[in-house]
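Okay, got some structures for you below.
Common to both upcoming complexes is chain A, partnered first by chain B, then by chain C.
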Partner chain A sequence: MQPTAGIILAVVALPFLGAAAVPLLYRVIGERTAYFAAAVAAACFALIATQFGAEGAISVRWIPALDVSLSLYVDGLALLIGFLASGVGVLIFTYSGGYMHNEPGKPRYYATLLAFMGAMLGIAFAADLIALFVFWELTSVASFILIGHYRDESGQYAARKSMFVTVSGGLFMLIGFLLLHWVALDVASVESAFRLAGEGSMLASADAMQTALREQGLLVPVLLLIGIGAAAKSAQVPLHIWLPDAMEAPTPVSAFLHSATMVKAGVYLVGRMRPLLVTDEWVLLFALLGLVTMTITAMLAVTASDIKELLAYSTASHLGLIVAGYGIASSADAHIGLLGAETGAFHVLNHALFKATLFLVAGIIAHEAGTRAIEELGGLSDDLPLTAGITVVAALGMAGVPPFNGFYSKEFLFDATYELAAHDGGLWWLLPVVAVFGSIFTFLYSIRFLMLFFGEKPEELGHVHEPPWSMRGPPLLLAVGAGIVGLGGITATAGFHLPIEEFVGRIVESSLPAGEEAHFSYHIPTTLSPPVLMSGVTVAVGAVAYPFYDGIRDGLRAVRDLGPLRPNWYYNGATALMDTNEIGPQIHNGLLRTYALWFLGGTSALALAGYVAATVSIPTFSGLTVTIPLGIVLVVAIIGAAAVTGAPSHVAGVLTLSILGFMVAIFYILADAPDLALTQLVIETLVLVIFLLVIDKLPAFYGGSKRWMLVRDGAASLAVGTTVMVTVLLSTARTPGVPSYLDHSLKSFFIERAPPPPEHGSFIIDSGGGHNIVNVILVDFRAFDTLGEISVVAMAALSIVTLIAMQQRGEI
Partner chain B sequence: MTTDHDTTVIARTVARVVFPIIVVTAIALLLQGHNLPGGGFIAGTLTAAAVGLVYVIYGLDHLEQELLGRPPSVPFTDEAGITREYGSLVTTGLALAAGGGAVAILFGDAFLTQAVWFFEHVPVYGEFEVASALAFDLGVYAVVVGALLTILAVVGAE
Partner chain C sequence: MTQFVLAVVLGLLFALGTFLVLRKDLVRVVWGLTIMSQTANVYLVTMGGLTGGVPIISGHGGQGTEVTDPLVQALVLTAIVIGFGTTAFALGLSYRVYQTNETIDLTEVRG
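Now for the complex of A and B:
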């Protein structure tokens, strides 16, 4: 079944439209905006549900002249992420209605959360590398805003850190994408070199792409670059450090972004790229990365003293499990690859179900008990019986205890690592060992979380109230979902297969080489096999070790606090270095002229270097005759320019400068360009006014310049002048993209196309239809440029307002 | 800048007379832009210059105090200050320009494709031309006016 273009587009667009409506809506319906947002999410969920079973790409032309189109792709994996983003979204918005009751900044919160959901749906369905990248960074920005929601010191630190790690990871990924694009240009069967999935895409000709990548020697660089992007987003070691800090965000945000969806973007990318890049290097990179992350962060989770910190590290650990699953494959035995893909795909689903539940439970505890410290909590099941029941299902799923949902996907991981080790031997035997070792810690912290509800209740805690139903319903639903997945294994053992298996099979197929089918099925093991033994060891050792939990925790803490082993050691060290080094104050010393120098010099150097690199030759121009009026204007302009340098004060300088401006305006009149002349005149006037407004704020910085400063400024002026002149000459000489029948001349193209043709109907679309060619260029032929320009104008106004507002508040 | 004591009667009278003329000229430039000199950008800067004239001659608060009949708002401290209104002008303009461009996609054309309609036998005008580019130009006009006036207001208030 082919996806319906309109529906998929609506799914991606709806959350953004909803986000735009939130500020207005909030004024009308206030707190109930939460339920509006939940309704938007529910609509998206329903729309995605209609596409269940669809597979294929849709494409909307966007800018055909540049071969830019918005392409979306639907398959099992895309549907899974889509269902998670919208489905968990419904629950999170409902929960927020209760949780955010007395919190500040709610319009911003709901608008950002909705926009995030749209971006996440965009990632899920993007079939185009650029679209994927844009949505990817949008989720990072949304995460930044939401982590910094409370605007306190630690929140700002956390928000900056997550932005820094995930966005720079995204930039690595972008370079990886560009390399992929560059290789794809030479692969004949790839029609559109940015297309990732669908017909004529990279994934459709994965083998040819892989051969080409290897021939160019780019396979490993692309793997590493994309790996860094995925690892930064999915908090893999050593880029996991931002995730625990991200817990500064309100708890519903942690449940939504930092466990169920945004951090899944990284593993989604790994799963999506898998058919394209799976090789021996892939296995080495991702299987190792995943298992190392899984183990280290599971140990860190044991050291946690805060329930959200515990859950954050545990999230990184489970993402490691997913990455390891997707990482495992073998060129010799397709069955191992199948097991790996099954691990990844199934655990994405399972983890979202139990971890989002646990975060919501943590929110309930923090909200009702007033503390998140593990030490201060215990015996909550008396006061919160329903929540305790929910936690039993979710935490035992996280621990990997049969028959709860996490058990099955962990079985697949054990099976995959064992098979790979049995097949390749040697050091690969470390994989199953590490997998079991890491899982023991997973078991330990899962039980520790569960024990918040049992055992003795600390005296100070007092009576804990049940939260409102809007906060109890969402985790209950999620836990029921997790429970059903767990039950599916029991019924499958009895011979009755739930439709979940069919769905997960489709997700698995997204990560398998084209044409391979997955007949996914899971059940309680009935015979003793190596993976069963591994699970048995995990649970048994975990159960034996649990009574010594405090000792283990203190031991791990002691190791963790050793200098370079501290999780934030390199991040804090690097940022401190950037603050204290000598170069910074040289570049930004607070003097406007220094900034101008760096900015203009840098721009000129880049532009000129670009011209040199492209080995352009400066075109000759002829036919320029200087008439007497023109000559006078030019001479006056030059005199005015020269006089500026000798002006005794700022006011005199500005006034003299305007001579130059007005002469340019007259030049335009003489050159029959009334539009330009008008604009130049008005702009000159306005600039004069603004200059005069700010001038008394400037210091009287005239005279007394040193010789080297004069030389430096002269060189900078010369460089800027040269750049502008070369750019003008080059950009007006040739017209890329204009058909040859138009004589390669920009001028004749515009002259022919701008006015309405002599014979025309009452409706024309293919020519400008206006006699003012300048205006037609601005609003029609080059409208996209103009759109960019007015965006810049708006941005400039915004930054001026921000700067002055910050100054008035005394921040700078 | 915020005082109106040091401007002469001549300046204030001229400003009163000139202001509407400039604004009408600006609107004319905006509307005729497709076929004659003019367009959204010029019209926008001209309008901003006209308001700038009022600012220079009468002071910043005059506009709000005398013309809008409300207490002058110090920028950024007030939720509904004049800079907010300029800001929403910018937003509207951007939305108009981009949204108008997106309409073309609904008809299956590329983003920002513009069309022209000709109406024959319109009284007074004869043939009358309506370009969809006018919507885009209006967007440009709004952005330019809003942004320039924001800058004038906040820099002037400094």
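Now for the complex of A and C:
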């Protein structure tokens, strides 16, 4: 089935429109904006649901003259990310309605969150590398704003850090994209060299692209560049450092951006690029990256002292699992590649279900118990029975205990690593070993999280209230989803297959080479196979080790705290210079004159350097003849301007300023520009009135400057003035060339076309209809200039209203 | 030649504008900006060459006397209005700065 263009476009556009409406809407409906946002997300979800089963590209002509079109692509993977972004979105907005009660900055919060959702949907459906990149960076910006929501020092540090890591990762990715584009230009079967998916795209001729990449020696650079982009976004070691800090954001944001969706963008990219780039180098890079991340961050999660920190590291760890899954393939045996893709695709779904649930549970705990410290929590199940039940399903899924959902995708990973090792032998045997080793820590911290609800309740915790239903409903629904996926394995063992299998199969196919089909199915293992044994070892060792949790944690903490082993140590070292309060205030000293001086001086220096580099010589002018009227006007203008500079009061300055203005008007008359003169006279009068109105309200401040300051500013001004003089001399001595699309100069083009031609009456298309050429240019040929000009005046008016009227009402 | 004189005058005007922008009295900064934008407009008109007549044609077709460059005039016309918008906005902003900080001394209203 072909996707419907209108629907997919609406899905991407709706959240942005919603975001634009939030500031106004918030004034009317207040906190219920949360439910408006939830409704927008629900609408997107419903629209995406109508496209279920669709596959293919749609293209909307955007600027036909330049052959620019907006193209979107729908397939299993795109639908999955679309469902996650909108579906989890509905729950997160509903949950926010309860959680964000009494929190500051709600309009900004909802607008940003909606815009983020739009950007995420954009990433999911983008069929074009440039569009993908733009949406990708938009999510980074949204994440930056949301992490810094509370605007305290640690929030700002965290926001900067995440922005720095993810955006610079994105820039690496952009270079990778450009290299891909460059290679695609030479591949005959690729019609549009920026098109990633759909007909005539890179993915459609993946083999030819791969051959071309390898021939040009660009395969490894492209892999690395795109890998860095994905790793930065999906918090892979050693770029994971921003994710734990990102927990400064309000908890619904952590659940939405930093577990279910935004961090999935990186693994989405890996899954999307897989058919194009999968090679032996791919396997080496991503299988290793994923498994190393999975293990290291699982160990870090054990060291966590805060429940959100634990979940953040755990998220990085599970993203590692997904990356490892997508990373595993083999050129010799397609079955191994299938297992790898199944791991990645299935775990994207499973992880979103259980991890978003757990974040929302963490939000409930923090909200109701008033603390997030693991040490201070315990025995919560008495007070929060429903939440405890939810946590059992989600945490056991995270631990990979059968029959909960995470178990199945972990089985696929074990199977894939085992098969690859059995096939290739040698060092590849490390893969299954590392996978099991990392999973043991996953099991440990999952159980630790679960034990917040059981065991003894600390005295000082007091009675913990149940949260409102708006906060209990969303995690409950997510946990039911996770539970159904888990049940699907049991029913499949009994011979009854849930439609989830079909859906996941479609996602898997997105990451397989073209033409390969995935008959996806998962079930409880009934025979003893190597992966079952690996799961058994994981759970058994985990269960035996759990009583020694505190000891393990302290041991890991000791290792973790060794400076040079921590990526943060390098990050903080590298950014210390910029972050400290030494350099910043030197550059940004808050004085307008500093900025003006740098700007004007810099521009002058660049202009002069340009003239020197181009070795232009100042044209010679003989004589200094000026007509008498012009001479008088110019002299008066300069006297006026000089008088402004030395004006003893504001009123005197304004009056002398208008002398200059009126002289300019007379100059326009002398320069044969009657329209300009008229405009200038009107505007000058208006400016004078406005100046007088405002100056009346301002104090009669007259700042005396020290002599050395006057000398310094005078010298700087003279330098700028000299540059202007040189520029005027150089540019007026030249006449512009004839544009290539015209057979004569622009000037004669307008002069010829402005008046109505004799053979037509007074109304035609390719000519103007007036005798005043300037007027014709403004309304016919360059009407957009006029539109822009009106917009500027409107914007200025609106801004003044906002600045002054809103302040008087005490709104900003 | 006229161009040379104009170049000197424009340079001087721009220097005076720059000098005003570097002052600490906010109103003077706005004056400086106004002078700079006026200067830029005159510069654009000067670039048109200052030769030829008023760009208004009588009759059909592009015949008749040589006229001056109409395009720069169209551009400057837009620029004058936009300059007005920015000046008005700058004044509104100055008023707001005074309301918030109770001074228009820029050395005291550091961000």
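Basically, the second predicted complex is superposed on the first by the 571 of 812 C-alpha atoms of A that agree within 3 Å, B and C clash if a C-alpha of one lies under 4 Å from a C-alpha of the other, contacts with A are read in each partner's own complex, and residues count from 1 in each chain.
Rule of thumb we're sticking to: a contact is a pair of C-beta atoms (placed from the backbone, for glycine too) under 8 Å apart; a residue touches a chain by one contact, two chains touch by 3 or more.
These figures come from a predicted structure and were not determined experimentally.
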| item | value |
| --- | --- |
| Touching partner for A:Leu787 - first (chain B), second (chain C), both, neither | first |
| First (chain B), second (chain C), both or neither touched by A:Ala671 | second |
| Chain B versus chain C as contact partner of A:Ile751, first or second or both or neither | second |
| Which superposed partner A:Ile800 touches (first chain B, second chain C, both, neither) | both |
| Which of chain B and chain C A:Pro64 touches, first, second, both or neither | first |
| Which superposed partner A:Trp182 touches (first chain B, second chain C, both, neither) | neither |
| Which of chain B and chain C A:Val728 touches, first, second, both or neither | second |
| First, second, both or neither for A:Ile690, with chain B first and chain C second | both |
| Broader residue contact with chain A after superposition on the shared chain, chain B or chain C | C |
| Partner chain in contact with A:Tyr570 - chain B first, chain C second, else both or neither | neither |
| Contact residues common to both interfaces of chain A (with chain B and with chain C) | 674-675, 679, 683, 686, 690, 694, 697, 756, 771-772, 774, 778, 786, 793, 796-797, 800, 804 |
| Sites on chain A touched by chain B in the complex | 60-65, 674-675, 678-679, 682-683, 685-686, 689-690, 693-694, 697, 756, 760-765, 768-772, 774-776, 778-780, 783-784, 786-787, 790-791, 793-794, 796-798, 800-801, 804-805, 808 |
| In the complex, chain A residues that touch chain C | 588-593, 596-597, 600, 621-627, 630-631, 634, 637-638, 641-642, 644-645, 650, 653-654, 657, 660-661, 664, 667-668, 671-676, 679-680, 683, 686-687, 690-691, 694-695, 697-699, 701-703, 705, 713-714, 716-718, 720-722, 724-726, 728-729, 731-733, 735, 746-748, 750-758, 771-774, 777-778, 782, 785-786, 788-789, 792-793, 795-797, 799-800, 803-804, 807 |
| Residue ranges of chain B in contact with chain A within the complex | 1, 29, 33-42, 45-46, 48-49, 52, 56, 75-76, 83, 86-87, 90-91, 93-94, 97-98, 101, 105, 109-120, 129, 131, 133, 136-137, 139-140, 143-144, 146-148, 150-152, 154-158 |
| List of chain C residues in touch with chain A within their complex | 1-29, 31, 34-35, 38-39, 41-43, 45-50, 52-62, 67-71, 73-78, 80-89, 91-96, 98-100, 103-107, 110-111 |
